[in-house]
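Listed next: structures, encoded as structure tokens.
Across the two complexes that follow, chain A remains constant while its partner is chain B and subsequently chain C.
Right after this comes the complex of A and B.
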């Protein structure tokens, strides 16, 4: 049967796709930045190039995909329909994209006007997104872990951005603010209260569904997002109040939140019904191991003076968390979301006259596997570059560009299938008209 | 209602636990193509398929959902009688 799907809850396919297609371009720029800056980037986490690289990945790659995915997910999982989705997507995309470029240019040049533009564009884009999604979620009861998690993650995103904008203003105009402390708070909110809470919420549904694992335990769904936000909030208050001992203890708790997510995910993945893990499962597995390695490194550096003295550890930590952890999960998710969207929209557009192609034909597994090898090669080289930058920074930059060019190519191939099938549908409809 | 009781009522059974979306949806819709006006299809899943419910309503099917003590979702589906 060419069943008609309920389409009252799905935004147009162009809404999420514009974000998904922009993300790999930012990661390619990150690769180009590595080639341009060379080993100097790895001198410290505070070099202009390291800050620019971090934001090309966090604001350029991760934020784009996560905002695109949330606009797709909210109406479907929560019934929270964003009013005028195309207009909101256009406004958000058209502001955060130049906003990120201004921010990166600001880091590389320290021109105040570039930081100013970044603050205006990113502040505006995120405000529009948060306002539109909060309005859509208003009145939707948080009766499932995914809705609760996404609501709390939105709060996490808002605080992350407020601290980020404050830091950008402080850098642009040399305000007398405790920059390192504020940067750490910005990082804690971004990674845990926004990143982990959002991934936890989406993973709670997506991992069992697509990786054929048992469900996450009930306690995880009930308490993960609250714990992520709660501990980050308490830690921030302790930091700002200069309660050193409490802040130190709470920062460990914040890191343990990420450890709990990684360990719980690995535990249910071990019980997957799949005999052989598919590439997306691999993306998630390696991401979780990498996140665990990052958290272990952080805890060791916190308590071992020997490691604390090594300038390279924050860069290794960032590489493990960003490239190995978040980026791997996000690429894996794109490989499920994009073919599914193509299938869903073609099923609808086919009007019962033409079958939508099988998801495996929209994007063949072999292409995903090959890109996965490129992605993890780039990740491995980046890890090596944080130890021996003079040897590995150029291969790492090149590999990052190749891996993300490949990702873009794969996503475009899926869209090509969509376009080709639409032409067939139009031909069938035309042939039936008298 | 247990799977066996449900199964007795159904003319066709699809156990879609262990299948990745949208495979359960596709299989269900293909099976519904072949069932007669008085026949019933039993779909067994690991979780509730909200998009399927809307699709069933749109396409003129009725359904009854039961959750077993083991957490499995069983959905009995049949064709709505045509309006008089």
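Right after this comes the complex of A and C.
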């Protein structure tokens, strides 16, 4: 219970920001990779370039932001302060960043030492993060869906990474392992037990909070994270035990978990009390539609041999889920979190001396809206590229670089406001000293 | 037993509802009604703070001996929200929809993350530590908060 007694300030602003600023750089690299590899990337989901691209987005973009956001979120929602937040953030950031680069380089070259470095760095970074958060959460009762969801999502992340490291070792040293099966399990854990569970936990709070919608239904809060983790676990066991029929049935259940989340979110969003949807609400809406499209595609491919034969469907599925789904929500969340943190820290520093600029003065909505158009343009071009790679891969790569360069620019503009205002606060303090 | 949590969280939702109503009025540029609505909102929020600061927090501090703990953090955040409420009100009176929306957005997030800390951490602690005096305390909280709701 110690954590509860000391719940206090948010961690220093540099703790989450370093993760948030690194993420768009990885997405820009993903754009560059598309330009470099050209249409060949879309030949199959197993091309080295497709694997590299996937991990630039999942480990480079999604993981960075999610880890940064969790360090910010845990003290707020659970009163769970991570001890020595700056040190932990530095260690985690300084390991997962090169770790992801090693992994991507490993996919592109198949050099064992690169996979080895990726295993060491990513394994170390995630272990430090999981240990630090587990320690902070130790003894915090899971008395709300978000705390429960985040705890289970952490377990989901750990299993995802363990399977990922195993695969990296197997690829680097040509171990005789059932790679496709393990890759699917790694994917199931990453998308559903980590991604969906974490998003479900955060969405449970953030959607009603930012969009003034009714709450998610009670059954959702009680059972979503358990169901996500439970079905993925059962499916994994069935897969490993080669119970084909059960595995097939359970995999459908796993996908339906994501469908339930998307449909529930869209349903409560329809009843938002906000007059006009702000850009962040749009990011969420399109993300949920895109996730639904991804799940529908997956179910169709499962039952239609015609679709299953098409090499492009897994790439379209990945595009819908990663770029349209996860990335859209994450970008939207950054636009709430970063301006708020800037205001919060400035308000704290300038208390009574200088009023902090409100969120829309930190980052004007017009910049968010414009970047949103760039983001969805890139997404649309990526969808087209999975049908007609030879025509659309270059515009998609370029658009992805532009959209994420713009995201980075917007985030840096907010930080510029932060720095500028700090100088003003210091000047006021200096002028008051005799 | 989560009586305090349920009751106080219910009052948070009531404040959210009034906030949303004002937002609609501002979007319609119905300034007179918007200002009147905002007054009701500001009054409801301030009354909620005052009930906490004068009744709930002292009871918690008395019982646990924790005077510099969570209640102190909550008092600090109340002060931050009082400033934002005032900034939003000034913008509204000046009929500056953009400035209002910036302050209101900031207030909304500040308010929601504050509510989350209270509902997930502080209120459950109150329910736990004040279980012996809940029958006397809860009616007082209800009376004071209902005084604003009517």
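Basically, the second predicted complex is superposed on the first by the 427 of 434 C-alpha atoms of A that agree within 3 Å, B and C clash if a C-alpha of one lies under 4 Å from a C-alpha of the other, contacts with A are read in each partner's own complex, and residues count from 1 in each chain.
Methods note: a residue touches a chain if its C-beta (ideal position, glycine included) is under 8 Å from a C-beta of that chain, and two chains touch if they have at least 3 such contacts.
Just so we're clear, the structure is a prediction, and the values are computed from it rather than from any experiment.
Touch criterion met: A:343 reaches chain B and chain C at once.
A count of residues in chain A touched by chain B and by chain C gives the higher number to C. In the overlay built on the shared chain, the residue A:306 is in contact with neither chain B nor chain C.
Contacts of A:144 after superposition on the shared chain: chain C is touched, whereas chain B is not.
Using the contact criterion defined above for the overlaid structures, shared-chain residue A:245 touches neither chain B nor chain C, since it reaches no partner. In the superposition on chain A, A:359 makes contact with both chain B and chain C. When the shared chain is aligned, no partner comes close enough to touch A:423: not chain B, not chain C. Legend: residue contacts after superposition of the two complexes on their common chain; A:212 is shown touching both chain B and chain C. The residues of chain A shared by its contacts with chain B and with chain C are 4-6, 8-9, 76, 209-210, 212, 273, 340, 343-344, 359. Of all residues in chain A, only 1-6, 8-9, 76, 208-210, 212, 215, 273, 340, 343-344, 359 touch chain B in the complex they form. If you check the complex, the residues on chain C that touch chain A are 16-17, 19-20, 23-24, 27, 66, 69-70, 73, 80, 83-84, 87, 98-99, 101-103, 105-106, 108-110, 112-113, 116-117, 119-121, 124-125. Those residues of chain B that touch chain A in the complex are listed here as 17-18, 20-22, 25, 29-30, 32-33, 46-47, 51, 54-55, 57-59, 71. Residues 4-9, 76-79, 141, 143-144, 146-147, 205, 209-210, 212, 273-276, 336, 340, 343-344, 347, 355, 358-361 of chain A touch chain C in their complex.
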